[in-house]
């Protein structure tokens, strides 16, 4: 087996994170997130987002979404997402497991849009229906597209006018930061809560949940523990963020990933191939003939997105380990097979 | 601040675990627990427990308990624990959060006993009450005591006769293995499910949930994902278990911890101090006069277990980093202060 | 205010039900559904459905749906409905409140169809998504249409081939029985569970939940009590079913309602009015100009279904109190106003 | 079979309730609690409690408790009850089913006491444990005792000082009102929420949930519908309360029940029998020799409370149908058998 483009969670962590872990390995730290590393990681994040937000480090993406959404909604309240949203499709009903309906509208290029949200709001007006109270988006999206600042502000403004909270899933925020004009401080300003992805952005695991809206901060540790997300060794989750949040490192990771992915798009376009979505980030969805897929997998691992009869949508993902040479080798192999 | 006896989760991991992490840091692995490290860690555990159990690696203790119990009980079914059980006291209602009542009876030295369970069974006989369906115990217990093999078998036999599953929380299983005559393979034989603690036994985080009873194995990955416990980089959770399960390493960790704790008990006994419980494992609960506590904390961190007016129960915990010299220094400082 | 066509739950009960209540008012009966009236009502239903099903009498439609669905699904399992399904739209997230996702597909004339279900089944194949395990339909539907026997059998067959349970919501089963070729015994044969509506079909309140599939019968009283649906005076819920299940009374109620509704459709058609759906049961959805609506409401109450700018969809519902003269008066008033 | 003392829910309703039902049987009313009967019943209750509380009519006791408690608590919050509390023992885990832990302390004569509550409050102080937020009591209690005004005020004051809500389950409030010095308006003043029992106090079914605390009133209909407690024919639930709340009727029902029960206690005392609890309301718990129980049941139905080897605790309950002659016949039969 050669190089894997299956996903961006196939390697442990960037070198600097592992170095830091070694460096700290003789320390004794206080448990449950009250240690100096956690404090320091929080400080670094607050500097970036230019806001005195509350920050918590949680093990994985699904449980972060559960805690974020479950801490906000009353039993009869619902969260709005687009149909392709991760919480709607790929979390095995975890949000419903907390008792909440997900109301969804059609995505356009992987993104939600105001008119979709508005139709939901207009048709949910009495107590025989759930009450929408939050909008969920992710940046980058499930299909590699990104929201830009104008879009984010529009959605946030709509939310504020309609008594909705805006929550942003940043599982791949590094890639989004590198591909979109939305800065860290914009995420602080134009969302009520969001998370900065670690698992898919250079850490061995862990996400940083950021609560910007003061109304949502109260007794938050209770929610984390109740929903099962409290990590005894909090410092193990925050140490990587001390590293990732240094200088521009986090965005640089995204930038490098995007550059490899963009190169892949460019080269595959030259081969006359078509794409499933217009990705500008580290996930590329290309349509390939089924006849080459088995052979290709021997050298380069990938994931099926949609299996078709004669051709399929294939996902290639670049990560912090991907180099341009890996991309060029992949392209060259596809060229041979086609 | 000197050495901390606050808990056994204040240091990242044993050296061999970190070394292994470095060793694997250039690999690409498949996600969601289908990688070679996970396979290997499973194999090592199966060898130890001498049984073809299903094994899953999960981030922390609370969520492991949630997944284990939540996967077994129907909505109206309940789990039995002793009053001091971790799920009953220290998980912020996580089990109730899944919809299940915890029925509890009085502990004797931190342990549940058949007559307590039996009274619950005898008084829960119709559909106006919950139906008990599982017994929860932990080894070692919350107060440092351990079940021995006769006790475990008795409880297991009672469970089998009364249509109950037995689940064992092994957050500190290393310490229990070193202090009790129950072997790994006994845990495989005399429980329906149990978990092998990583977080408090040498790993940076993670627990290995072991399902012995075939009835409980079905579609288990669905439960893990639904309850928020699925880790994308499964190998990050399983790599430490590859190390911990090598030879006798896991039990050796427990043994060393227990030796330090036993030394502490011995020395404090010499000072004429009294204990809150008869601990044989790595947690020591001693009664100290309040007047020395502030001063003591400057050199040795500990945790309050029960605050009294003139004296308090103080918990000292030994871990894989504790050396006998730390213990002797602690004892010597207590001696000075008293 | 004249006659109300707002809904079929505006009057207490048919005369025979109230007479029976008076007749029984000096009795003492055993509680929680173990009384003679409950036994007798069960016997009458079993005779009609020609099957030894388990039967429970529950207070209302939403909680009946909750108990039925909540008793079948595991935490990660989902129920399939059409988008307009009552559980999906008009139960304030009660099913999600139990932790289950509702997967929905587009309705055709208020009905689900095999290709919609099949697409859901084909795209939910691994543990990162919920697992569909039940199909929910209602007869008659939310827009007054009905499934016929061929359609019901097709759906049931599909379910059996795909490891799905079929559950039918019979809030308006009287009307459906009178309008469709599906008989009582067909409901016993071609569903795993269904309920016979009382509230909207002549009783003061209460629904009869019928469990045909043996696998789903176990410990059912526990579910009813746990989910809050156990009525102390069970006989108050079952007495009306003793009356409704006598001879053809239940279907006759539906027949009379449908005749009035059909007459309404006929007469409104003569006036050149258009309909929102092709209803053959007791709910009529007609498009009326907004300018007449306020005036019309003074004499005949109705419900807005969809408010438009110049015209709206208006729902008229006939019930066991509706007489043809009420219909003709309504038509004549509409004629005047138009 | 002779007269049944099994419970106070063996007869449909008092004559005046059935008469009112007949009287209203030709009406058409608006659904979901917006009708004139509901308005009128609310007005009558508000007059009695001398407060502008919000009032909802719900089908049964368990679901009323679920809605009341479930509407107040956040996911990690808990309700405090005494060990014998109905929600703790006899609701099949319905409150836990909503995700909330019940923290309980020992009852004294069926009642909770401040020191028991206080110990729970003092030991639940951080986010590793649930947060107590509500106290649940019932009047009369499960064993027939009652709180008096001083006790109620003490508990209420404690709650207000400790950021707790007080909720009172009034399944048998008629009996409590007749036996204790707490008036209707005291229940309005010294609880945050309570319910006025219908099912066990003269109605065919239904309870009136009264929300005194403004903080708890918001969007309450959403909770009712979400938790499955919304009744389409709201008027069927409220009509009996129009009757029960007329003049002193409700208290008179309790008074009559209590008089019969008190007579029973008096006469059984004369026979030298012992009691399980000091009941002053309509439930009597007497210790009888097992050898007479089978024979006695042939003439007078009762319920086992605790089965012993040679003698048992037997519950006799008086209801609105009980006459003194029934009591005297029962006593005379016991006398014969002993």
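Assorted remarks:
Order of writing sets the labels: A, B, C and D. Residues in every chain begin at 1.
Going forward, contacts are C-beta pairs under 8 Å (C-beta built on N, C-alpha and C of every residue); 3 or more make two chains touch, one makes a residue touch a chain.
These numbers come from a predicted model, not from an experiment.
Note on connectivity: the fewest chain-to-chain touch steps from chain B to chain D number 1. Set against the C-alpha centre of chain C, every other chain centre is closer than that of B. If you average the Cα atoms of chain A and of chain D, the two centres end up 51 Å apart. Between the CA-based centres of chain A and chain B the separation comes to 33 Å, rounded to the whole angstrom. For the pair chain A and chain C, the distance between mean C-alpha positions equals 42 Å. Residue positions of chain D touching 2 or more other chains, listed in rising order: 75-76, 91-93, 97-99, 127-128, 130, 222, 225-227, 230. Chain C meets chain D in the complex at residues 3-4, 6-7, 9-13, 15, 18, 21-22, 24-31, 59-63, 66, 91-94, 97, 199-200, 204-205, 222, 225-233, 235-236, 321.
Chain A meets chain D in the complex at residues 70-71, 74-76, 98-99, 127-128, 130-131, 219, 221-227, 230.
Those residues of chain B that touch chain D in the complex are listed here as 75-76, 78, 89-93, 96-102, 127-130.
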